[in-house]
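Okay, here's the structure, questions in a sec.
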Amino acid sequence: MTQQQNLLDLKELRVDRGGVTVLDIPSFSLSENEFVSLIGPNGAGKSTLLLSLLGLMKRQTGSVSYRGRLIDSQADWLDLRRRTAMVLQEPLLFDSTVFDNVASGLKLRGLGRAEIKTRVATYLERFNLTHMAQRSARKLSGGEARRVSLARAFAVEPEVIFFDEPFANLDPPTRQALTEDMDRIIRDRGIAAILVTHDQSEALRMSQRIVVMNSGRIVQQGIPAAVMNHPVNEFVANFVGMETVLEGEVVSNRDQQIVVQVAGRELDTVGDEQPGTQVYCCIRPENVTVSVSHPDARTSARNLYPGRVAEVSSMGPFLKLLLDCGFPLTAYVTRESFANLELSEGKEIHASFKATSVHLIRRRAA
Amino acid sequence: MDVILEGFTKAAQLLASLDREVLGIALLSLKVSGLATLFSLLIGLSIGTLVALTSFPGKKILVSVVNTGMGLPPVVVGLFVSIMLWRNGPLGYLELLYTPTAIVIAQTVIATPIVMGVTIGAMQNLPANLRLQILALGATRVQLVWMLIKEARLPLMAGVMAGFGGVISEVGASIMVGGNVRGYTRVLTTATVMETGRGNFDMAIALSVILLLFCFAVNYILTYIQQRERPR
Amino acid sequence: AEHKNLILATTTSTQDSGLLDVLIPIFEKQTGYFVKTISVGSGQAMKMGEKGEADVLLVHSPDAEKKFMADGFGVNRKLVMHNDFILLGPANDPAKIRGAKTAADAIKSIAKANALWLSRGDNSGTHAKEKGLFKAAAINPEGQKWFQQTGLGMGETLNVAAEKKGYLLADRGTYLALNKKAHLGLEIMVQGEPKLLNVYHVIEVNPAKWPKVNNAGAKAFADFMVSKKTQEIISTFGKKEFGSPLFFPDAGKKPESLGL
Amino acid sequence: MTQQQNLLDLKELRVDRGGVTVLDIPSFSLSENEFVSLIGPNGAGKSTLLLSLLGLMKRQTGSVSYRGRLIDSQADWLDLRRRTAMVLQEPLLFDSTVFDNVASGLKLRGLGRAEIKTRVATYLERFNLTHMAQRSARKLSGGEARRVSLARAFAVEPEVIFFDEPFANLDPPTRQALTEDMDRIIRDRGIAAILVTHDQSEALRMSQRIVVMNSGRIVQQGIPAAVMNHPVNEFVANFVGMETVLEGEVVSNRDQQIVVQVAGRELDTVGDEQPGTQVYCCIRPENVTVSVSHPDARTSARNLYPGRVAEVSSMGPFLKLLLDCGFPLTAYVTRESFANLELSEGKEIHASFKATSVHLIRRRAA
Amino acid sequence: MDVILEGFTKAAQLLASLDREVLGIALLSLKVSGLATLFSLLIGLSIGTLVALTSFPGKKILVSVVNTGMGLPPVVVGLFVSIMLWRNGPLGYLELLYTPTAIVIAQTVIATPIVMGVTIGAMQNLPANLRLQILALGATRVQLVWMLIKEARLPLMAGVMAGFGGVISEVGASIMVGGNVRGYTRVLTTATVMETGRGNFDMAIALSVILLLFCFAVNYILTYIQQRERPR
């Protein structure tokens, strides 16, 4: 990645608060069209980082460039903020109607009345808020307020969008519908985005890159597969959990029976993805069955790969096996099974998992 | 007690008969104090918001000074402004003393710290991140101030009314810099004081009833406008 | 306690001159009364008397006082002292009244010249006197452009006149006091005419009308004011500061003897 | 359940807002020691219900009784509020230090200085806030604020506790640790609780009863297994997802290899639970493998039950089988598998799933 | 301008020499206005909070009336209170007219609407659910009011200062009900007016400088206490 490709560049950021350095980030950048997820424990500095990117935090040092141009005046910041949108951690609605709230960013940009009206209508509709347009924003339920704050951000149709835990307080169906809808908008418009989230499946589902923060620093970043499968240290390993994430490409789709090519092998799964789609295949370790001989019985476990045990480690009440089947695969087995099957490092095995155990996540070419 | 009753009767009479002189006095009061409040709003709201939002050394002292300014005795303001405007004073060449303009100036000086002090308090009480949210929405400085003012409109309304109430009811400065010249700088309060001095208590009460009615009307209109903007 | 408090309603001029600050402590010491001096316009002072809200009055508005007595609100009106009014005007004297014989003549000239006149218009003793002078000059100033009413006290009206370069009637004490500090730029145009005398009377509020009135105290105060010792103090008050006394004691004299 | 057993009883509640009925609940109650989860879409009235239970909402009709005593005066409400604690949906901290915030409930109850100090210290510790005791509550990160609001509620050591989405904004490890810690406190103290949550696994994990709300009404309530396995209507079915939840009792635990007795059969799983513990066994349909013959190969799928297909229905890209193995079990299979295995309603099959696929949830006797 | 300079010099002299009379006047001002502010606080804060928290028909009008009350001219208040306290008035038997108590009463009447109006505004601007959270924590009504006041302390402080500033600097009511009796009811403002009337502008300025110093000191102490309670 050369400098020119970057949409947003942050350099040498340091933020001190109450005598403590709460953020220390030598460099961070966001590319055109990129979707980045920011994860990390409470107090890691995620919100502070987002705010810093729009110059909303007093900082000790640090510079931001947008499309290669250094932001160095109030006017530049204003320009940047007008091309972007941010959903803060609390909804922070204005004390007026839902309509006015969604319109606020547009009004600030001096749009005409008629245009504001149609735009707001569009986004109210999209966030299922039309019926409460004239309600006071102070009288909404938690989830409704959240939706208004999202609609307010999208209504300005930004080039980049920053979300700070936008889906907290949303019920699962709404959350599902909204993430899909937003994902579509973001892809369609070619919006770049940074999402702060505590939900890893959300991070995986939506992002091309995951950034893990801790104590004000970036401890690891990379494509989801890299972060999930190869945590750089104990902290990240414990924090991200241990799903296997495989990169692949859909090669066929017959009646939603999908075949994905992963490292030269084929994986059976189900889904809507069309051939040619780049995807992640996620497989939970507890769903991988290990057999020492080729299982003869016809089972519904459609994926069966010969391989060998690469590594064994203890994981609470059971054991964690790192399998090498041409691609890495993690499996949990009980100690009893481990003994019965006479497993050990280097042992040849067959790993199987059901097609329905594979979660597909679309990904864009990085 | 009879005096009070008489006062109310008189007020009703004056209002009913649309007494030209009283009407003129009342309108002048409204105009002068309205203008003064407007100016104090322009100054007090903007500077107050600025002070509330920025942090700088000496802020605490500045806030104390502003709050102290709320206690500026009108007489003192009148005195200072008079001295400035005296023919031989630094601003004497403007020939403003004993004109309605002089009253507006003095009342602006009185109302500004009130509006500013209440503004600072109200702004500091807004959620800290609200400012960031507004900026993130792409607000300019001016728009930021405006949106924050809208958010804090309830305490600010009270502040504006305190300012307006303070100046329309004050008498010390109006007398000193206005001179209570009949038909020119006589406002409701100076007329009230004069009538009191003349021993015409009923007339004094009548004038103050009219003053309060004015205040109430202004207030009610402001409240109404504000509530209309805001959904129930 | 009921009988120890004494409410004295008086005009601002006596208070502002500082005379009462000298006299009251002496009276209080002598009699043990606690005097609450309420200095207001003569009009208000009289009104307080009418309503029984004051015990004793020290005022200078003879016509109004006569009516007050006639209506039975007061008893024992006693002449205490006088000073005088002066007709002031700007140094350039646009109406050319300097040296006019009488105040009435001067007022006629002012009216003719349409020169600015400032009136207190507050029903004070000074205002009453001014009204008398206009009447004598047979001029009705109401509604005239050159005639402006301030509705203010003497000091404030002097200030206004100084700024606006107008003519006015003022009591000498206040003029002297103000001119010393502020250099008003106003000069004495007419003075010394008997008509311009400013006469102070002490009046006890009629206890028959208002039983709550402290008549004993009022009597004591009235007596104190006309006592020889008090009159002596009055005759010397202000001499040191202004070169001449501010008031002239008149106790026991008949009003006529002053040429009224 | 007789009237006397109920800790909290709500009758004939109706709440109108802005001319709309937002809550209409003929009756609702909470028993001693009971943990109830409240789930439902945004705007269902969950927060309003919680607030109503403490008399914090203006209501059209409705009465509350505590331990059989009708609350009918301000003093009664105060007494009730002092025996309970509530964590509102927003943290709503006071503008003072973290310490003061946690102490606030105790101060309101007039406790002595020394006692307040030790109690607050305990709960600061418990919620990992000790190091920020003197920090201004206005300067906390979102998750930190959330923790303070929880500590503030627990510090009063209530008899009943109400939570409104208390874990939003918490990072997964903290969330995990806190739920476990809180669960322990709640069990140890015999506290009754109502939890509003959008996280079904949380609801399952913690509660003895699940109440599903929609549009101001309670649409279903019952033990988690009943709600999850037998949704009363389409809405609930779509809302709760479809995990199989089985009631059982741990009969042995050897080295964390657990055997649970479910409807006379034995299930192998892993965990810490001691024999005699009442548990739920949760099995995701995608983890159940269906075979038509007895699988001979030695696999790590330790649970194998003969049974038959009771019902077949379509479920997006795959098919949903309701199996009867002496206990109900749901499985997803691809259409291809379904055809290959020649499955049909009534067909005899073998269902298998791995021991590690069974999630155990402790439950108390209802 | 010289006059102003002289005034400041005089103020310094008076303060340096601890002039007994001036000291007495200043202390009386402080005492009277302090008490009046205290009473207005008790009334204004509690009723204001109550009005802000409850909703009832006519609330909007009541709020307008309170806000109008901010414009009560001190002269009028003085007149009304005088009429009440007149010897022959309804409360005449209390014999309070021309006593410091009378000034306290009148000033309380002046300051209460200011404090109440600002309180209503500030309370309505707090997050709506904060009240519920406090009640849920087991607060009694009184505790609720107290906690809300603590939360809204910044705008309330400004309101209190506006009230205190309004009464310590007002002159109309103090003169009418106090009478400016030397050594008894003479406060800083009435003394200032008197000195102005006497043409002693330097003395008048000196007195007002002292008044402002007082205001500033009170204010600074309040700000300091408030800031100390509150962590940075």
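By written order: A, B, C, D and E. Residues from 1 in each chain.
Criterion: a residue touches a chain if its C-beta (ideal position, glycine included) is under 8 Å from a C-beta of that chain, and two chains touch if they have at least 3 such contacts.
All of these numbers come straight from a predicted model, not from anything done at the bench.
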item: Greatest separation from chain D - chain, by CA centre; value: C
item: Centroid-based (C-alpha) most distant chain relative to chain A; value: C
item: Cα-centroid distance, chain C relative to chain E, in whole angstrom; value: 35
item: Rounded Å distance, chain A centre to chain C centre (Cα mean); value: 90
item: Rounded Å distance, chain B centre to chain E centre (Cα mean); value: 17
item: Chain E: positions in contact with at least two other chains; value: 127, 196, 201, 232
item: Residues of chain D touching at least two other chains; value: 18, 89-90, 135
item: Where chain C touches two or more other chains, by residue; value: 153, 156
item: Interfacial residue positions of chain D with respect to chain A in the complex; value: 17-18, 40-44, 47, 89-90, 135, 139, 141-144, 146-147, 164-165, 168-175, 198, 200, 238-239, 241, 255-257, 268, 270-272, 285-287, 289-302, 317-318, 331-337, 340-341, 352, 354-357
item: Chain C-touching residues of chain B, taken from the complex the two chains share; value: 82, 86-87, 97-98, 175-176, 179-182, 184, 186, 190-191, 193-194, 196-201
item: Residue ranges of chain E touching chain B (in the complex, touch as defined); value: 1, 3-4, 60-61, 63-65, 67-76, 79-80, 83, 89-90, 113-114, 117-118, 120-122, 124-127, 152, 154-159, 161-162, 164-166, 168-172, 176, 188-189, 192-193, 196, 201, 204-205, 208, 211-212, 215-216, 219-220, 223-224, 227
item: Complex contacts: residues of chain C adjacent to chain B; value: 40-41, 43-48, 50, 121-124, 148-153, 156, 159-160, 163-164
item: Complex contact set, residues of chain E against chain D; value: 127, 129-130, 132-133, 135-141, 143, 147, 150-151, 153, 229-232
